[in-house]
Amino acid sequence: MARLKVPLIVVNYKAYPEAVGAKAVALSRTIEEIAKETGVSIAVAPQVTDLSLVADATSIPLYAQHIDDCEPGAKTGHVTAEALKETGVVGSLINHSERQLKLSAIEWIVKKTRALQLNSIVCANNPEVSVAVTMLNPTAVAIEPPELIGSGTAVSKARPEVVSATVDLIRKQRNDVAILCGAGIVNGDDVRSAVKLGVDGILVASGVVKARDPRAAVMDLAKALL
Amino acid sequence: MARLKVPLIVVNYKAYPEAVGAKAVALSRTIEEIAKETGVSIAVAPQVTDLSLVADATSIPLYAQHIDDCEPGAKTGHVTAEALKETGVVGSLINHSERQLKLSAIEWIVKKTRALQLNSIVCANNPEVSVAVTMLNPTAVAIEPPELIGSGTAVSKARPEVVSATVDLIRKQRNDVAILCGAGIVNGDDVRSAVKLGVDGILVASGVVKARDPRAAVMDLAKALL
Amino acid sequence: MARLKVPLIVVNYKAYPEAVGAKAVALSRTIEEIAKETGVSIAVAPQVTDLSLVADATSIPLYAQHIDDCEPGAKTGHVTAEALKETGVVGSLINHSERQLKLSAIEWIVKKTRALQLNSIVCANNPEVSVAVTMLNPTAVAIEPPELIGSGTAVSKARPEVVSATVDLIRKQRNDVAILCGAGIVNGDDVRSAVKLGVDGILVASGVVKARDPRAAVMDLAKALL
Amino acid sequence: MARLKVPLIVVNYKAYPEAVGAKAVALSRTIEEIAKETGVSIAVAPQVTDLSLVADATSIPLYAQHIDDCEPGAKTGHVTAEALKETGVVGSLINHSERQLKLSAIEWIVKKTRALQLNSIVCANNPEVSVAVTMLNPTAVAIEPPELIGSGTAVSKARPEVVSATVDLIRKQRNDVAILCGAGIVNGDDVRSAVKLGVDGILVASGVVKARDPRAAVMDLAKALL
């Protein structure tokens, strides 16, 4: 039993200029509408500067993109789980391929999110790393082969064996960790092939944020989960 | 001629739990009132999660505590200067002792802030490093000996020769870079001794944020600049 | 079945001035003599600058203290597994608490050592991290609670439950990964209590390198394994 | 007055497989012969694992490629200046573009090398960074635009204005800091154009290490300095 509402789509805004400030709010509203229309579980991960803005303007589930492994205190320039919780996030991505962490930091942050009742989505670059982080008991593991991130070629089609191997390895260990996959996912077909491989959801970024028509792009992804 | 309104007090909220979320807003309102009452130039540096909240609630000059050295784009979990500018900050601390950066990153970020018309306050741990960063032409250099940060023993009293040496070295190079000092500053006396050493302002953190009466603490600091 | 000759003592020279250059060679000769006299399996991990010196002067099994996660090439200032192999090491510590790595780097390095037929001893700070790295299939996992490193208070006596929990968690997953423990181990009693908790060997550093009589210190540790 | 024997060629072996172990020794012998034949000052920077080997086999001036900013002690996996000095190096590259450091670390290391009477060659990616590190008073500054490193297109020909600007900015501050340039330098013409721009020497890596005939390549570079 996953501890997340699955199947789940997480839209990662990264540091894209197309999804900052007022544009982050507008995109989040659009995505929230589609979530309501379709009933599909969709969450967004805006830039940290925009979390409270989006929280104020929408009620879509919000994720941070990163947490630092430190307690609140004399840590200038760091982002604590406690400060993120204040913004209204329900969880965070952890160890994204573009913001990797030391192993002991990942373990510390997963434990911290659990204590704060936040969801932890730990990213991993291959099946071995995926099962390693599974042992830390996060809410979800997201497998994303870095070479496919932003490529427009979906991991679920280009490297189905990576996704399958990840699902197999994780499911031998735990049933209560959700499994997401990402990298190159841009349309409903990519999502359907991912779901067939056994994942509980997907991570998408440029496929939505940089789409000519983000509403249509999200709708296409969502419909694949109906 | 400094490019900042000096003398200047910058209150760094670090990741202190006493100054997060609604408490960051409340503290910023208090500080803004004192700035208005006294006419002293005071800026605040809240946690990145709170910048847009504070910007919405006050018109006090806002600084970020840190900027990452990357362009907007596929940089999950990073904080770009562009995203910070959207929140309404007028500048940022850079290379704080608790969030140090590679030299090439400091140079990149100073250049980027200049392009975006943001102020750059580059922190340095000793006179040699202070003059090195001066060559990058930031808006201000802040000398903070790390061993005194959070100590309650003011750099301006415990290590006046460090502050003087910094002022001497920087002023041989440029007159248009403001010089701040910090570390251990908690009261008006500390500020007065700093100003006597030739600085244009001070950085303060726990001395305000963790004060039993933050309003009184800020007022004491501000009056020292009248 | 462990893929190392166990029980095993690994003496980590860290960057101690007592064990650099000619002193590293002398200490290694002493330790080699004790290994021969007692028949106990003892390996040493000198500073990277001394590996070829010690390899030239002794035939004691040598470990590096760290490997960088990069292929040979344009990587100025990095230490590749290939360059280490040239010095004659039989393996390396990986992710020591004083030289921690990103998770994907640990996985990469473990795989690389396997390809080069080098042993990998991956360090971990707690039982959860220990079992996570076990999933990467290293030669050995070394549990070392950082707060006890260099303390003179042995993990096997001060925190036996940490060692036991680590052994339990790892043994549920694999029998062919050796389990070492370290932190605060200084004498034979510490070693005996560690072995009783189920470990296959120990990591020791200051307990030998900074001992008044390193020969006596190593002999005491070795005899505990007879 | 530079504190190095100039003009100087420094051959950086990086982590190239063509210059590891016995191959590092052989290449160093070849380079030493050319230095003796021509009288040109040539130094080499082998991998850290090979420093004592090369020191044992030759008397060519040796540089490390990197130093960590820590004192000898409990620093597993770190390379101290003291340990490097034991190997017989006369100095070190610092902050190479492939191994960049925090600014406070650069300052610390430059000071440490001075205390140990080692030469410090601090690398910088552009003129602004070059003059910043000049203020730390190293033995030499090496300007290397990262985009030209390994390109085969010499900085001295492709970006002469970068080299000139660096020389101008540094010479306004100090005459006793040597100025080197590197990136893309492969032949004597590149060296001659660099010298015309005012530098005291060059850094070269793949142009020698990966040359079909390294002896001929070094000879060509050396003759340009006669």
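We call the chains A, B, C and D, going by the order they appear; numbering starts again at 1 in every chain.
Quick note on the criterion: a residue touches a chain if its C-beta (ideal position, glycine included) is under 8 Å from a C-beta of that chain, and two chains touch if they have at least 3 such contacts.
Every value quoted in this text rests on a predicted model; they were computed, and no experiment measured them.
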Based on which chains touch which, give the shortest step count from subunit B to subunit C.
2
Need the CA-centroid distance for the pair subunit C / subunit D, whole Å please.
34
Distance from subunit D to subunit B - Cα centre to Cα centre, in angstrom
37
Intercentroid distance (Cα basis), subunit D paired with subunit A, Å:
44
Residues of subunit D that touch at least two other chains are 97
Touching pairs among all chains present in the structure
A-B, A-C, B-D, C-D
Residue ranges of subunit A touching subunit C (in the complex, touch as defined)
95, 97, 100-104, 106-107, 111, 124-126, 128-129, 131-137
Within their complex, state which residues of subunit D touch subunit C.
12, 14-17, 20-22, 45, 47-53, 65-66, 70, 72-80, 82-84, 86-87, 93, 96-99, 149-150, 205-206
